[in-house]
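Each of the next two complexes has chain A plus one other chain: chain B in the first, chain C in the second.
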Partner chain A sequence: MPSPPLLEVDDLQVRFPTPAGPIDAVSGVSFSVSPGETVAVVGESGSGKSVSALAVLGLLGAGRVAGGSVRFRGEELVGAAPDRLRRLRGADIAMIFQNPMSSLDPLFTVGDQVAEALREHRRTPRRTAKARAVELLREVGLPDPERRVRSYPHELSGGQQQRVMIAIGLACEPALLICDEPTTALDVTVEAQILDLLRRVQRDHGTALLFITHDMGVVSELADRVLVMYAGRVVEHGSVAEVLGAPGNPYTRALIDSIPTPATPRDVPMPAIAGSVPHASDMPSGCRFHPRCPRVHDRCATEPPLHDIGPGRASRCWLHAAGTAGSTVAGVRGVG
Partner chain B sequence: MTTTVPTSAVGRTAPTGLRAFVRAQPLGATALLLITVFVLAAVLAPVLAPHDPLEQFRRDILAEPSAQFLLGTDDLGRDVLSRTLYGARTSLLIGVSTTAVSLVLGTAIGVVSGYLGRGVDVVVQRVMDAVQAVPGIVLLLFIAVILGPSARNTVIALTVVITPSFNRIARAETLRIRQEPYVEAARATGAGLPRIMARHVLPNLFAPVLTLGSLIFAGVIIAESALSFLGIGAPPPTPSWGLMLSEGVRYVTRAPWLIIVPSVLLSLAVFSFNLLGDALRDHLDPRLQRPVGEASGRVWGRKRIPTGLAPSLAKAAEDEPDSR
Partner chain C sequence: MTLYVLRRLGYGAVVMLLVTVFVFVIMRLVPGDAVSLQLQDTGVSAAEADALRADFGLDAPVWTQLWLWLGDAARGDLGTSFYSGAPVTELFLERVPVTVQLGLLAMVIGALLGVAFGVVAALTRGSLVDGGVRLFAVAFLSVPNFVVALLLLTGLAIWFAWSPPIVYTGPGEDVTGWLQQIAIPVLALGTGGMAAIARMTRSSMLESLGSDYIRTVRAKGARQRTVVLKHALRNSTTAVLTLLGLELATVLGGTVILEQMFAIPGTGQLIYQAVLDRDYPVVVACTIFYAGLFVLTIIVLDLLYALVDPRIRTGKALS
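Up next, the complex of A and B:
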């Protein structure tokens, strides 16, 4: 990347206490986001995507960062003073969540909630904040914002609610917007509109997006680079075209193969990855994907490192190791 | 696609406050009216009462209702109407102030304890457990005996007994609310602890606390009568509804008006407060709004949509394609 990264996450480890002892939801996760760039994080449920994002904001709740570093504009956020983090949140790094309905306080009008962010960070006077809220709602494409500013969340549809969440996120013009599966709860048509909106916002403001999703379609539409996570680890990262076009890791391959297409035969079971993501308390030894991997072999008993398999591209699999044929998974080239 | 919501349905400014409340909550408004009457009767007791509540008419003991004594007299020949009016003072004062003080105190303790969690929570809740572990009446007796019988000390004793109930509800609701995505979203926009408490936690736990308050109020008036009956509440001959009830029970066959009058009023007062509590709860929740009139954008303002049509209309304004 030519410009210095906006966000650098290095060897992040997040630990949650449980009655059975501490478990690591995320370990050894590294990535960076440059200004204006869109980085997607994909993986199944429980792969540690959301935890990584929350760790950036210091919003882990019961968990804590047990190791590694998170730097924003070069400033270390792990161990930063709570007040410093609070001032960054919303102002420089904003986040929008999966379920817009429950992410809005039901007792306040949407205008109030957009204005709240402004009043918190900029000490904007009430009237100015209200006017700015109308502007923001117009910008995110909420119809008739002068009137809608006085609507309560339950009066809006899911897509409109998510637009409001985006307006709240944009209120202080953050340099980084973290989107945690913002379209998962929405219809496909609405999803397309929200993705359009995010793209437009990014173009107009140069906002960097850290986009968490489990939808490969969304990744290919929106992201510049992609980070594939499995069981708390990064298993592959690289540019979207490369990773989706020629996945290096069997897990990425399997994810892409799971996407049904019109050509998917109807009379056989849908392609799916057998089994489910192991729980962090019951992690398989060696490669974490090996119990489910179609290409499992002897070396998978020890955990593979991330192998560089191209410029800005790496994959965590022994198949790339010297002596193993092929740098991408053999026989599965071609777009899924 | 432009919005299909009729202008009248969403987002116009409208009268707030009392007028809106009366129109939206006729039952609650009736309750409010009744309560106002009770309060006026209590305040104006010296003006309204035909006799001194303590004056004994020796020749008219247990007299039936008549022109001279509209609601009859009691076993000491005192005018029941006058005693009822003065009794409203004691009963309402103790009921309202006890409920109000313990509501504020219990909610504050519960919210702080629930939100901070950990050590603070453990210590505070064990203290509350200890208070609740002692049977209410024993604790009341204990405090009342130490402080001596008076209306003020009754309020203090009842407050100590009741505060843990509000604390429980407020703490439980706080534990629920702090898990809500909108609290996480607020934290993600950089809201600090005081702002989250004031803007998100308190308003959202208002409904259950208010409901509990209207129930507790009834209990307080009844508890006050029990204390008076045991001679450690407001001391006789101070008239109070509870005291009148417990004294009148002895003459229930000869002079039923002695318990009918205070018990009917007690029931009405309790019922009114319950209705008012329910109506307020509905009124303050934008999701439970009723049809009439128009809407306002204020936090506690009203937002009204035609019932039945509301969800379909609001949702009918589906997402527009981006207007660039």
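Up next, the complex of A and C:
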């Protein structure tokens, strides 16, 4: 990475109180995002992807950051004053969400909601903000923005709503845009349009993207680097080409194998990963993936550290441990 | 929109007609009539009483009476009181403003305080303040308004040696006297609504504050004031409006008792006395007033819904 990172998350731990005692939704997650870069975070539901992103913005709700640090342009955000975080949100780090329908306030026009993003940060006269809202809506490809600016969210389609969300995100030209599964609720053709839009935004504004998804296809299309999360931990990270081309971790491998391709035989069951992500209150001891792992062996009873397996690349698996590394990675590749 | 209002007004008229017929008939089924109550222990002969009944038109069958009354009412004549002999319309119109002032003040105060307490409770969820608001809300919901009025009256008299003036003066003549007089009834009438609205505001604010769109507003970096007062509160208003409609019924019922208790010459007192006296024309007129007020309020509330929520405005609901 040539430029200093924009966002550095180090050993992040996020804790939620529950009636049965506190649980850690995210433990020891570290990653960084450089200016203009796209970093994808993948994993199944419940792996802690969204929680990590919300922790960056200080939007955890009931949860809290129990340890680690989040630095934005070198400034520590964990424990920062609420008003400082508020000023960063929207202005320097914006976020768009999974479900655009419920993420827009139903009682206000989309123009209001875009203009609000501006007016909460800069002293902007109402008319200027409205004009800028029209401009932003045009930029995100909403048809007929002069008229649409007066539409209410329920009058727009899902794709259009997500474009509005992106317009809100871009209002103050943030350096980092966090996208939390922005296309999951949309159909495939609309998904492609939204991804195109995000790519264009990134090219035109040099915005860095932290892209949360569970779709490996989206990762390969959009991201420079990828972070694979499982049960609140990073299990593998590296460049997209390397991680997708030759996954080091059995979990990454299994995720990639569960993507159907036209060549996938129809008469055999899909290679889905058996079982589901363990709940944070009921975490298996040792490697968190071991109950579902096809390559489980004795050493998995202890939790493996992240092994460096190349430049800027690491994987959390005993198979990379000294002596066994070369053969087992190949062996993992053979699975499926 | 206009069509919708007209249709609602039409339904309202039907409801009021049914209420009228119902009350008209029920009142005549209640034992004792105006004449026997008026003339009891006066030694008037049965023949004279019958003559008086014929005079009032009470000797005819109920359905004939109803038919005649409806005919008169359609011409704007609601009859005359059996007692004072004054036209019911006149009797009634001079009392309507008193009750409307009382009820409106109670509802407005209840709504404003209720929303304020609800918002504070939602924002301080789980704290002592929240607990206090919830406790008092349950207490005020459970205690009927006339008990609240009695407690206030006794409390103020014992601890501050203060009691409201007894002779009613309108706000036009003596504002301070009027305020002193209606303070307790207004508070007593308002507390029930306040408690219900506080609880409703609290729960719908909490729901709204936990919603996706509030997360978006926060992610924009909006100030807390914008988050709470603009987005969360506005999204809670529909629930509160629904409650206001229901509250009106309680408040109107409450005026009947409280006006009697505090010697406030409003329609509540009028209907109370008229029922005791079997003064049929007055009872029926008051009932129509209460039903009409209720029907109108519900229509106004429906229109307010549409004003607050664009989804109702553009949806089929108002077509």
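In the analysis below, the second predicted complex is superposed on the first by the 327 of 336 C-alpha atoms of A that agree within 3 Å, B and C clash if a C-alpha of one lies under 4 Å from a C-alpha of the other, contacts with A are read in each partner's own complex, and residues count from 1 in each chain.
Please note the rule applied: a contact is a pair of C-beta atoms (placed from the backbone, for glycine too) under 8 Å apart; a residue touches a chain by one contact, two chains touch by 3 or more.
Here the structure is a predicted model, which means the values were calculated and not measured.
S.K.: Just from the overlay, do chain B and chain C fit on chain A, or is there a clash?
M.R.: With chain A as the common anchor, chain B and chain C collide in the superposed model.
S.K.: Touch check for A:L156: first (chain B), second (chain C), both, or neither?
M.R.: Only chain B is touched by A:L156; chain C is not.
S.K.: Could you say whether A:S103 touches chain B, chain C, both of them, or neither, answering first, second, both or neither?
M.R.: Both partners, chain B and chain C.
S.K.: Which chain makes contact with more of the residues of chain A, chain B or else chain C?
M.R.: On the superposition, B touches more of the residues of chain A.
S.K.: Counting only touches as set out at the top, which of chain B and chain C does A:A94 meet: first, second, both, neither?
M.R.: Both partners, chain B and chain C.
S.K.: Applying the touch criterion given at the start, work out whether A:D11 contacts chain B, chain C, both or neither, answering first, second, both or neither.
M.R.: Neither: A:D11 stays clear of chain B and chain C.
S.K.: Is A:G141 touching anything from chain B or chain C once the two structures are fitted on A? First, second, both or neither.
M.R.: Only chain B; A:G141 stays clear of chain C.
S.K.: Applying the stated clash rule to the superposed structures, which of 6-14, 132-140 or 312-320 from chain B runs into chain C?
M.R.: 132-140
S.K.: Residues of chain A that sit at the chain B interface in one complex and at the chain C interface in the other, please.
M.R.: After superposing on chain A, chain A residues 57, 59, 86-91, 94-95, 97, 99, 102-108, 116-117, 120-121, 152, 154-155, 165, 168, 171 contact both chain B and chain C.
S.K.: State the interface residues of chain C toward chain A in the complex, per the touch definition above.
M.R.: So the residues of chain C touching chain A come out as 210-224, 226, 231, 234-235, 308-311, 314.
S.K.: So in the complex, the part of chain B that touches chain A is made up of which residues?
M.R.: Going by the criterion above, the answer is residues 2-3, 7, 10-13, 180-182, 184-192, 195, 199-200, 203-204, 284-287, 295-297, 299, 303, 305, 310, 314-315, 317-324.
S.K.: Any idea which chain A residues touch chain B in the complex?
M.R.: By the definition above, chain A touches chain B via 57, 59, 83, 86-91, 94-97, 99, 102-109, 111-112, 116-117, 120-121, 141, 143-144, 147-152, 154-157, 159-160, 163, 165, 168-169, 171, 189-190, 193, 196-197, 200.
S.K.: Tell me, which parts of chain A touch chain C in their complex?
M.R.: 57, 59, 61, 86-91, 94-95, 97, 99, 102-108, 113, 116-117, 120-121, 152, 154-155, 165, 168, 171-172
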